[in-house]
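Just dropping this structure here.
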């Protein structure tokens, strides 16, 4: 299925929003004003957006410590996210979660997760719920488990993949292989060096795509989501990609070759590749995309200003939200 | 005597023990880092907090093992290697990740010796960074030593300064039982005098950091630093207290606490964990039982609230028991509340 | 216009970073800088890294020179267009407030100290061959001059506890006195025994913290002497005046429960039973064994208990149980012929009775001088909880019981 112009423009806007959100955070974090431990998604935008373009608010995703991109792709409010990252009272999680724990249940975003491999079992559970509520005829809802190459070595992930196959539930496992589990290369940490083959061995269709090509990711997602919605069970997508920044902000990245990031920014920039593709087929004029770029910058500026001006939580909120009732 | 940070003191202990005993190995995520990287630089990391720096170049990849992100396998493999005669030091990076590998810790490691009728030894050390105060959110900030203190078969170490950290880690590595070793993230850069040569600090022996007649203050880990600040403030009013750092929560030095309580009759316990079933509650129970005859006032516990660790600095500051709360608690136990 | 002025601040790289050192500036003041150009190098505990200029503009001021350490968020330099005036620039610098990073829980939001790197108090640690000993036991041993190598530990793994040191010191009784040389006098220096250390501590605490007041009363003792003799005949054993005084006090205490009490913090603990402690001098010092439930014991029973307690006290065999839990104390120095004295309260008790000798004194009886056997009783009471009238009433009851001792 071809994407119409509106959807294409929307996809570009979301990728650009993620990029500028993260680029701006990179600058703001260095000022010391943003607390904690932040993992930037810049470079991987085509994966989150290519996958989420096929999802509605009724579908579920679980995310990772590197979750800003998934949130924006799934439709979370950018200002609410920014406030959360600044630890403000009216952030998406009232300042209690922070960068690694953004969730928005209205958007089917079941939460970022700071435990590597913590999310995929939750996605299988969400898919069980989708399966139970599947309409008698027509398409059902699905869940997506985002994870990095590092997560594929966790026992919880193995267990989740096997369970999804056993139950035939509509989960799509998306492994964003950016080449590094923290400060260690995926080529070392993934023994077989092949996440796709490993996933297939669990008994589900699995394919590897170029994660900096929005169109390739989207096409793979269309195949996986069609299977899932029709009741044919889980799939895996391994998207090879890169992160333009360190594991976390402040990571000196001594494990990466000099010039690697510059080279990847030149050759693996999903935004540039998107522009090249639409320019080649003439579907969207560059000026339209330029207009989106300008609008996005303004939106991010506004989000940062709003976050900086927003109040901090009051001490009385420390002990609320632990339980619903107690 | 050289001044060392806790980070460097632990690093020195690891170097010295690996030098002394070829059975000692180190394994964990990014303990050297750089494996499979594109820079060709091995030891690109030396641990996320830099604690294991220099081990790989000195002892090689055979004994300094970078692992995938697989906490169950890290702890399980360390335990297996220990059963087979090595003395592994496993690193879990953040203590919160105990959640991923709890089975290996509490069903496997902790129980071997008892289940096997005393025939096995599992001399494994499991190191991890813990603690709130650095805005790292609910899954990277917990102080869970209380959870593991509750498990028979484990020894649990929580150092409060660089010198103790070195002596306790050396003891942990030489100890024949499994030891869980908690390093507070905020203590890593703190320096004090640390002897260059290897030395041991025995388990179950508290240090009495200050002496005073008015009350007994027991503090754990980073809370020792804050208790000292509180006592500095109170000293201006003529209040003096015994300050006890148990150093290990299992075994716990009950004698030192009870003997101090006999002198003072008043007890304040400071613990960074939430209050329920905590080390603070455990020590308060000790006072209410064996120390009952000494008590002149109800025991006061200063702990985190019964909540996860919040992210926002505004909330996290209120979460962590700080010097002001400790000072107020001491006033309360002395009946000096205004 | 402050929008045209840009602050270059100490960056925050990584979770632990709270400060950094400026290593080198790659540009000098007045130079034009483009956004993204390497501007300076900063060193942290972990790395040296380049700070790329976050903005374009002229490097108008360098605030932190090479070699200077600055906290995260501190102003390092100012970039601005050339048309920004010097006074505007100066005002910007003066008013600049950067982000402040602190991990101290009590730091108010937005105000903070810099890095939390200063001395921690070092712990004590033991070499392998040092005896295992608790800190308090070690202090006590130092004070008593006990050689820890000779003490057997009863704690975990044979660790020496304070009780072990106390027991050792008590056993080796008077520690060998050491001669001290004076020029023209000879003296010995004696260590306080553990018992004496305890006595000293408690008496000092009592004298310093309890507002004592004393009430004295003279009572006729002849009837009491006769009653003691009579009771001894009936029981066929020795019964002393002191035994009768224990019973008299016990009965009076039951009637005046305010005195049969402990003061603990801000609570008064009143007891139903009168457990009367009787001070007795031993070789090791003053000891106060307790006669429990003295109000319900006959003089003969009291005599049996006290005789046994005194004997064990002299042999140094009293247990902790024997000497703890008293609710009131009697101190009798009559045997030394002292007419009157006063005593220091034994906390947490709230009163103590000092008993002088029963002796013939000239007194006025019905308007005429007469000689009678008299005895002076002095009550020391804690004014925090016992007022004078209550103490006086107690002494009144006691006088009646002593002067009309049939009920004893």
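Note that the chains are named A, B and C in the order they appear, and that numbering of residues resets to 1 at the start of each chain.
In this section, a contact is a pair of C-beta atoms (placed from the backbone, for glycine too) under 8 Å apart; a residue touches a chain by one contact, two chains touch by 3 or more.
The structure displayed is predicted, hence computed values, not measured ones.
S.K.: Based on mean C-alpha positions, I'd like to know which chain lies farthest from chain C.
M.R.: A
S.K.: Name the chain with the Cα centroid closest to the overall protein Cα centroid.
M.R.: Most central by this criterion: B.
S.K.: Ranking chain pairs by contacts, what comes out on top?
M.R.: Of all chain pairs, the one joined by the most C-beta contacts is A-B.
S.K.: Just curious, how far off is chain C from chain A if you go by their C-alpha centres, in Å?
M.R.: One centre to the other, that is 60 Å.
S.K.: Quick one: report the Å distance separating chain B from chain C, using the average Cα coordinate of each chain.
M.R.: 29
S.K.: Using the average of all C-alpha atoms in each chain as its centre, how far is it in Å between chain A and chain B?
M.R.: The mean C-alpha positions of chain A and chain B differ by 35 Å.
S.K.: Could you list the positions in chain A whose residues touch two or more of the other chains?
M.R.: 36-37, 312
S.K.: For chain C, give me the residues that contact two or more of the other chains.
M.R.: 15, 46, 109
S.K.: Using the touch definition from the top, which residues of chain B touch two or more other chains?
M.R.: 134, 136, 313-314, 318-319
S.K.: Please output the residues of chain B touching chain A within their complex, sorted ascending.
M.R.: 29-30, 33-41, 44-45, 48, 66-73, 96-97, 99-100, 134-140, 305-308, 310-315, 318-319
S.K.: Could you please specify the touching residues of chain B with respect to chain C in the complex?
M.R.: So the residues of chain B in touch with chain C come to 3, 5, 49-50, 133-134, 136, 160-164, 167, 185-194, 199-202, 204-211, 224-226, 228, 245, 247, 251, 253, 255-256, 259-260, 262-263, 296-297, 313-314, 316-324, 335.
S.K.: Across the complex, what residues on chain C touch chain A?
M.R.: Contact set of chain C toward chain A: 9-15, 17, 46-47, 49, 54, 72-73, 98-101, 109.
S.K.: Taking the complex as given, what residues does chain A use to touch chain B?
M.R.: The touching residues are 35-37, 87-89, 91, 93, 95-101, 113-118, 150-151, 153-156, 179-191, 253-258, 260, 312-315, 317-319, 322.
S.K.: Of all residues in chain C, which touch chain B in the complex?
M.R.: Within the complex, chain C touches chain B at residues 15-16, 45-46, 103-107, 109, 115-128, 132, 134-137, 139, 155-157, 159, 161-162, 264-266.
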